Amino acid sequence: MSLVKMIEYQDAPPEVRAVYEDIMSVRETDWINNFWKALANDPATLRRVWDSVKQVMAPGALDPLVKEMVYVAVSATNGCEYCTCSHTAAARKRGMTDAMLMELLAVTALANETNRLANGLRIPVDPAFRPPA
Amino acid sequence: MSLVKMIEYQDAPPEVRAVYEDIMSVRETDWINNFWKALANDPATLRRVWDSVKQVMAPGALDPLVKEMVYVAVSATNGCEYCTCSHTAAARKRGMTDAMLMELLAVTALANETNRLANGLRIPVDPAFRPPA
Amino acid sequence: MSLVKMIEYQDAPPEVRAVYEDIMSVRETDWINNFWKALANDPATLRRVWDSVKQVMAPGALDPLVKEMVYVAVSATNGCEYCTCSHTAAARKRGMTDAMLMELLAVTALANETNRLANGLRIPVDPAFRPPA
Amino acid sequence: MSLVKMIEYQDAPPEVRAVYEDIMSVRETDWINNFWKALANDPATLRRVWDSVKQVMAPGALDPLVKEMVYVAVSATNGCEYCTCSHTAAARKRGMTDAMLMELLAVTALANETNRLANGLRIPVDPAFRPPA
Amino acid sequence: MSLVKMIEYQDAPPEVRAVYEDIMSVRETDWINNFWKALANDPATLRRVWDSVKQVMAPGALDPLVKEMVYVAVSATNGCEYCTCSHTAAARKRGMTDAMLMELLAVTALANETNRLANGLRIPVDPAFRPPA
Amino acid sequence: MSLVKMIEYQDAPPEVRAVYEDIMSVRETDWINNFWKALANDPATLRRVWDSVKQVMAPGALDPLVKEMVYVAVSATNGCEYCTCSHTAAARKRGMTDAMLMELLAVTALANETNRLANGLRIPVDPAFRPPA
């Protein structure tokens, strides 16, 4: 159903295999999900996007579970089925319970609601919410 | 510039004042931001939305700072200036640093990027990401 | 601030003036708003979009006020300031009160909320909601 | 396929059953659709969202059929399959014909088109469209 | 699964058949895709949308392949499965290779990413990017 | 007005200056626009996003002007003022005329329109548009 073919490890050129191996090593898993198999149609894009994901989702000022939950919130807002499912699975692996998922989506949905009240009424931003120049 | 007038406390009917007082009490502040002054044009909506915000944003399975950051991520995704500014301010009040804000937006932006790769290539969801029926 | 210049009636070529005159005649007004002055940079687009607006917004199976309100709901959802302001003004001219505007945005916002709960939880459509094939 | 399980009436705790009964009573129906069965994983969210839907969609300054059609317009704009199907069914039950549905989507689609012309050209809002301060 | 029935040529009234024939003639094909069969439920909408597509997608200041690729970029951004698939097929017919598709989606996705960094940080537009008034 | 401060060259740490110099060199210009000055609050993000932009927007299977126009189409669809203005300026520098901009936005807007007709009617994808598995 995909618009490009999925590139399996055994059919992949060396630069794709190198990324696949890095993914499996960083994630401590032994399989590659379809997202990467699709991007492998363009090895430079595969490498670039994986490097970005690896850098952005690593522990930093925010912990990785919070990052996965932000990812789910954005994906649900955009209606992306693939990313909603894959990042919900990733968040669960990091400890997200059903109660946390329900609360996460309640916040996500509420923000979508109030975004439209603010945008629809064209409410001016209070000066107090603007940082000093 | 707003499409409705801002209802100030001194001009507000009793049911609006009651909500304003609850907002100031729960938030331990002495002023009301424009979002609520705009909603006050419909006291039933003001009450309902405030009750939702109060319930959803309270501590629960997720901590309030995480919830504020999810709110910022959704508001940035939707391009809502008002909510981006107000919830960034709220998150900062709860301890979000500039480093955390930058990382939050890096995750938000990356999710917006990969959402379009997945949707544009119509990548099928891996069975492993689907919960058992 | 616009990315193209606004084409005023006195500076417009005949095919643009013809559209401007039709707009003023159909709308029973004596001025042209910026949306059309911007589209006039491409007379074929100006003509095509005006013909579409004239056809779609005319009385039909739905009454024109309902159509204007649907327009506001979509524009608020997309965060389009220009269309939110212009179609709110148009709806008010056709009788929309402040109470109706507030209710319209309450519905719009609620739909945006529940859209994300449905999409975020990937809730399957009930067979009863699908029309017979 | 859903990311959470559907909670059936017979498996539901009392506070969920109470909401289900209210839904069936208000809607004069004898079944519960999947949206509520999914929200029931968090009884507080189920109660809050149902109370919001009940309040917002009730007759008021706008009639319920208009509200259902606005709901369809927003859901189509956001690409939410579940809500598009469920609210189209609800609007049909209240009298929406195929001709009305086609016109509703023609308005929705046209608004999505002109929203991008206005946003893409960054067209300034005419002063006449702004309410007096 | 569609919310309206597909109108086949043999069941179509004359004004619908006339549009179908124009579509097949302009596109040099002998079949009609579902998009038009669905719009045919409202012959005036079918005629108007087809006339718009015919005008907008014709060779002009931009070549038709570029236009098809822009269409794919927008459809991927909005998560529209139907238009993503149909316009990817149309672009391929006009010469888009897999390498071009991958690059197109890389640009599309990157724009979605940086749009949220700019909107999330509320970065002011540099005066140099604004055309002289 | 931005939510973070703009980092000027003279105030920037060495790793930020290195990126700024690369930007000016690749773009053959002597100034840095606000987007990068805002990202500079997180040097790792600045470096990563610039490297992505440099790679993705370089000549490849698509020419750089087409890429800039796709960027404008996505930014207009998302309502991102900053990116709409900056990439319109970039596209003009590469040869985009007013006629090309108007056509680009006509395609962008039309795609946004038909996306909602397809999504709103839930039109099934024709098998002919699906690539062989």
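To keep things simple, chains are lettered A, B, C, D, E and F as they appear, and every chain counts its residues starting from 1.
Methods note: a residue touches a chain if its C-beta (ideal position, glycine included) is under 8 Å from a C-beta of that chain, and two chains touch if they have at least 3 such contacts.
Source: prediction; values computed, not measured.
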Chains touching both subunit D and subunit F: A, B, C, E
Maximum centroid distance from subunit E, chain identifier (CA atoms): B
Copies subunit F and subunit A - interface residue numbers shared by over half, same or different: same
Identity of the chain that, by mean CA position, is farthest from subunit D: F
Averaged-CA centre spacing for the pair subunit E and subunit B, given as whole angstrom: 33
Geometric centre distance via CA averages, subunit F-subunit C, whole Å: 27
Shared-contact residues (touching 2 or more other chains) in subunit A: 1-4, 39, 52, 56, 73, 75, 77-81, 84-85, 88, 99, 102-103, 106, 108, 110, 112-115, 117, 119-122, 130
Subunit A-facing residues of subunit E, complex: 79, 84-85, 88, 98-99, 101-103, 106
List of subunit C residues in touch with subunit F within their complex: 3-4, 39, 41-42, 45, 78-80
Contact footprint of subunit D on subunit B as seen in their complex: 1-4, 44, 48, 51-52, 55-56, 130-131, 133
Residues of subunit D that touch subunit F when the two form their complex: 72-73, 75-77, 79, 81, 84-85, 105-106, 108-110, 112-117, 119-122
Contact set on subunit B toward subunit A in their complex: 1-4, 31, 33-35, 38-39, 49, 52-53, 56-57, 60-62, 66-67, 69-71, 73-75, 77-78, 80-83, 85-89, 97, 99-100, 102-104, 106-108, 110-115, 117-126, 128-130
